[in-house]
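Next up: some structures, all given as structure tokens.
Next, two complexes with chain A in common: one pairs it with chain B, the other with chain C.
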Partner chain A sequence: MEAKINYKSELFRKILIYAFLIAFGIFMIYPLLWVFASSFKTNDEIFKSLSLIPKHIVANSYIEGWKGTGQYSFGTFIFNSITLVIPVVVFTAISSTIVAYGFARFEFPLKNILFTLMISTMMLPGTAVLIPRYILFNWLGWVNTYKPFIVPALFGTTPFFIFMMVQFLRGLPKELEESATIDGCNSFQILIKILMPLCKPAIISMCIFQFIWTWNDFFNPLIYINSVEKYTVSLGLNMTIDGTSVVNWNQIMAMTIISMIPSIIIFFSAQKYFVEGIATTGLKN
Partner chain B sequence: MKMFKKIVSTFLVLLLILSLLSGCSSSSNSSKSSSENNNTSQKTVTLRFMWWGGDNRHKATLDAISLYEKEHPNVKINAEYGGVTDYLQKLITQLSSGTAPDLVQIDVTWLQQLFSQGDFFADLSKLKDIDVSAFDQNFLKSYCYVDNKLIGLPTGINNSAMYINKDFFDKFGIDDKTVWTWDNLLQTAKMVHEKDKNAYLLDADSTICDYILVTYVGQKTGNQWVNDDYTLGFDKQTLTEAFKYLNSLFEAGAIEPFSQSAPYEGKPDQNPLWLNGQTGMLWNWSSIYANVKSNIKNLSMALPPIDPNAKQTGIVVRPSQLIAINKDSKNMDEAAKFLNWFFTNSEAIKTLKDVRGVPATENARKILSDNNLLDSVLTDNANQAMEKMSPPENGISGNQELEKINTDIIQELAYKKITPEQAADKLINTYKQKLPEIKNQQ
Partner chain C sequence: MNYNKKRNLLGYLYISPWIIGFLIFTLYPFSMTFIYSFCNYSITKSPVFTGLNNYIYMFTKDMYFWPSLINTLKYVLMTVPLKLAFALFVAMILNIDIKGVNIFRTVYYLPSIFGGSVALSVIWKFLFMDNGIMNKFLSYFHIHGPSWLGNPHISLFTISLLSVWEFGSSMVIFLAALKQVPNELYEASMLDGASKIKRFFSITLPMISPVLLFNLVMQTINAFQEFTGPYVITGGGPMNSTYVYSMLIYDNAFRYFRMGYSSALSWILFLLILVVTVIIFRSSNTWVYYENGGK
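Up next is the complex of A and B:
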């Protein structure tokens, strides 16, 4: 009798939890579904109703949106974004790992001060360095190129990733490296052959983060890129939004969906490592 | 220590390789800029022209540019266009570091802010290639001159207007040709809300209530909202009266309660009540006509309410945008020639139509209306507004901080936290603190 009651209350608890999770899940995903549904709605309907099912289906929003204003198609912007994002992600991964390795495994003068300095740049709001950075890059002649994004990535300028990697490396047992040294590895070989494979989850989550951040970044490309032919996806999406004109929202929504696809693919294909990477950084054994 | 050295050297080697790689990828850019240099020596000129806008404006402007390039094969114009988001920020960054395009589209409301950063624009009245006689000189004097320099040329006319949903007006038996005064506005609003509890005559957020307040006061006093010497352009009695009028609009159900319209604060044109035809009138700028028209098919326009005894109408007619020439432009003459063509050539006018508002030159308006390229509702409204236009608002009256004070107090009034008398007191007291502060900043 008692067991039966327990079973019942357990079931009831589960139902409650699932109901809550489902409701919350729908709540979270609704904006995304709305964007998708809106790409098939007329302008009229987008703002008038919250329903997900369009009354009159607009079929050509993807084709028209892809064409853009006629001068450059959306394909150009996607290609531009890829040529910008891939080097940034690769270089960030390499430079951050190397810098983190230095901080985690070596003793050198002023190490603590340098580490503190590096971490403190994380607290610096981006807007504070915007103008000096712009002036510097302009002086170097890099404005209207992708260099203001790619070159800093070579120098480990994202302290968040360095911090994350340092935490991850600290969690790995030193004994592995000691035995590798005995086997004749130098410190660089240790990084490549021993630590890198172990760091895979952390490196992959770093790549995903950097990919999504750079892909979605609007303000920096806006400031540094002038020519429309070099616009990235986020600039391309914003290109026709203006309060004084007719905005074809369905086309913008359609292109938003297209521009989300790479991020979604990357996230889901690396999700396993991503979660592992986040969960294990900072754990010490 | 040995290990450390090795690490350093490996890192440096890596960096070298990587920077070589990135050098390769950017080589196309450098070759491009060198070819541009070559072109200049062959008298081929490249101009950069930056504007913001929507699809139609982009397409029309690109068409106009290719038309100009065909007529002038030695000129190449690089179009740098985008949305309005953060456009001003980008422009300021470019201007202050000397990378701004030769021609830029700016908004008149930005002039004060831009000039507080420095003097960036050429005096167009000094350029021999630009014929300013096509424009209404008073209009230029009122809006386009800063420190006696002609900063930019107006692309079009933008006036304060009332958008009217004709279906709504027909439903309640209101004539859309009504000439509005404060009294008949209130009476009609009462009638509408009595007939249908879910209908409101005015679609208004706190900013539009601020238009009502400032215009009401201005018509009574005939002064600027704040005088040039930073004193108030009104007395307490007039202000109290204006707040009382505003309060009567709230109480008569002329305006949807703020508690319901709060999500659409700042974007009343997207309020579902307006889109679904449950509100009938929207007080806004005529520059958003195309946008409003795309949502409200049966659209009519009128002028904002004017008191029969008004000392001034309070109807603002200003340029929709200006196009300015960068003072540091290397090809000032060519930029000036293009700008002149942009505003006066009949083919250009026909290509650009009203994508930047009803054109500011009479000639352009004539060409467009002869070719049936102008929307008559919009043009009629612009003509009416120009007949009744009041002197331009001074800089301090349009100050954003003051507007914020107004809208905050209006919110309190709308939520019945304060009475109209208290609202007037509060506004005057806050202004007495704020105005000296603003004056000291200048």
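Up next is the complex of A and C:
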């Protein structure tokens, strides 16, 4: 008898949890789904219903929205974002791995102090370096180019990633490296041939995070890029909502969706690394 | 040169990109923020030393300084606790052994992958416009929804909810920490007859407190610097109710090109964040529990 009651209350508890998880899940992604659906609706219909199924499906919101405002299309902005993001991701991955290797596998004077310094810059708010960095890049003639994004990436300027790689490298056994040393490999060959393949999961999650952060970034493009032909997706999208006086809601929604697609693709194709990456380092946002 | 010295040099060689980057892109700008803050500097002309003028102007004459600072403080106080509470609550539910947890985790995490993007701000605008979908939803229950973004008393709150919506990464960090809590602890306390609430406060919370500290510090630092949400959604309005401190820095630096003055503003924000972070770390002695007694 008692077991039966227990079973019942257990079942009831599970139903309650599922009901909550589902209701909350709908609440969480409804706005995203609604914007997606609305990008196919007519402008008259958009704010009249909460429905996720358009009454009349229109696709010209994508065609018209893609044309952008004036002479540059959304294609330009996407191309620009890609030419900015890809070098940033690649250089971040390379520089962070090399620096992490130095911290994880070598003993040298002041190492602990330097490592602590690096960790503490993780907590340095960007605002503390903002103005002089801008002045420096302006003086170098880098404003309105992508160099303020790409060049710092060469120098391991995201300490989060260095820390993440150091943690990962520390977890790898040293035996392989020792035998490779005996075989005559130098330390750089060990990094390239032995450690890099083992670090693949960590490197992938680093690339994913850097891609998404740089792709979503709005503030830095806003201050460094000032000609529309060099606008990134986030600047282009911001311009679309600023500039439309006769409001073509469905075009804005279509371009909002377009701007999110790269992040979605990356997220779903590499979800495993995503979750691992956050869990091992615990990252921002 | 013996083997060890050679290895020392190699170590420096590998970390040298970071050392160079640190000197040029962090230490130099950081010091210059402090120095410029005592100057009148309009990017085209060279800086002129003006002593404490920037700070005096800031505290006594700049009519936007105090309101924007207060807006930012309000924003931090609304966003951070709410976001962390949500993240922890949902993580605890997901930590229960049920089928389909991965799907829910993905769904809850999804908004976070667009974290801080213009796209999410645009969506928020559509949600909370006067004729947006939130008020449409409320109208089904015959509730006349407020002007979420137009009413200066609630506009900042509406924007802070956007950040709460992005609780996913804090949630994943909590979830990883919850999985580390040994089951024996719960079993033992169940034998002792501890209630669920008691178990939460005497086991769960102490065991995950280092992670809570980490999330608290990082989220606080980020919230103090929030820019995109208010800038894109309301542009600081209505009646400057969402005009946050980073917008004040942005306007002074990149619209009026008062580099000296905006450096002073940045310096004050940096000090404020530093003080708050130190307070959090100091207080953590009393509430963060380290299993192996420190470190």
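Worth a mention:
Definition applied: the second predicted complex is superposed on the first by the 225 of 285 C-alpha atoms of A that agree within 3 Å, B and C clash if a C-alpha of one lies under 4 Å from a C-alpha of the other, contacts with A are read in each partner's own complex, and residues count from 1 in each chain.
Going forward, contacts are C-beta pairs under 8 Å (C-beta built on N, C-alpha and C of every residue); 3 or more make two chains touch, one makes a residue touch a chain.
Just so we're clear, the structure is a prediction, and the values are computed from it rather than from any experiment.
Contacts of A:I150 after superposition: chain B is touched, whereas chain C is not reached. Once the two complexes are laid over each other on the shared chain, residue contacts for A:P262 go to neither chain B nor chain C.
Touching more residues of chain A than its counterpart among chain B and chain C is C. Residue contacts after overlaying the shared chain place A:S187 against chain B and chain C alike.
Contact with chain B, but none with chain C, is seen for A:V228 once the two complexes are overlaid on the shared chain.
Applying the stated contact rule after C-alpha superposition, one finds that A:N43 touches chain B and leaves chain C untouched. Touch criterion met: A:I98 reaches chain B and chain C at once. Of the two partner chains placed by superposition, only chain B is touched by A:P87; chain C is not. In the superposition on chain A, contact is made by A:F219 with both chain B and chain C.
Look at A:Y134: by the touch rule set out above, it reaches both chain B and chain C. Where the contact sets of chain A with chain B and with chain C meet, they give residues 47-48, 98, 102, 106, 108, 130-131, 134-135, 138, 154-155, 187, 218-219, 222-223, 238, 241. Interface of chain A with chain C (complex): residues 14, 17-18, 20-21, 24-25, 28-29, 31-32, 34-35, 38, 47-50, 95, 98-99, 101-103, 106-109, 111, 114, 117-118, 121, 123-136, 138, 152, 154-157, 162, 187, 212-213, 215-219, 222-223, 234, 237-238, 241, 249, 252-253, 256, 259-260, 263-264, 267, 271, 274-275, 278-280, 282-285.
Contacts from chain B toward chain A in the complex involve residues 3-4, 6-7, 10-11, 14-15, 18-19, 22, 25-26, 29, 48, 50, 52-59, 62, 78-86, 89-90, 93, 96-99, 101, 270, 272, 275-276, 287-288, 290-291, 293-295, 320, 355, 357.
On the side of chain A, the complex with chain B involves touching residues 43-44, 47-48, 69-71, 83, 87, 91, 94, 98, 102, 106, 108, 130-131, 134-135, 138, 143-147, 150-151, 154-155, 186-188, 218-219, 222-223, 226-228, 231, 235, 238-248.
Contact residues on chain C toward chain A in their complex (touch as defined above): 4, 7-15, 17-22, 24-26, 28-30, 32-33, 36, 43, 90, 93-94, 96, 98, 104-119, 122-127, 129, 131-133, 136-137, 165-166, 169, 172-173, 175-176, 211, 214-215, 217-218, 221-222, 224-225, 227-228, 231-232, 246, 249-250, 253-254, 259, 262-263, 266-267, 269-270, 273, 277.
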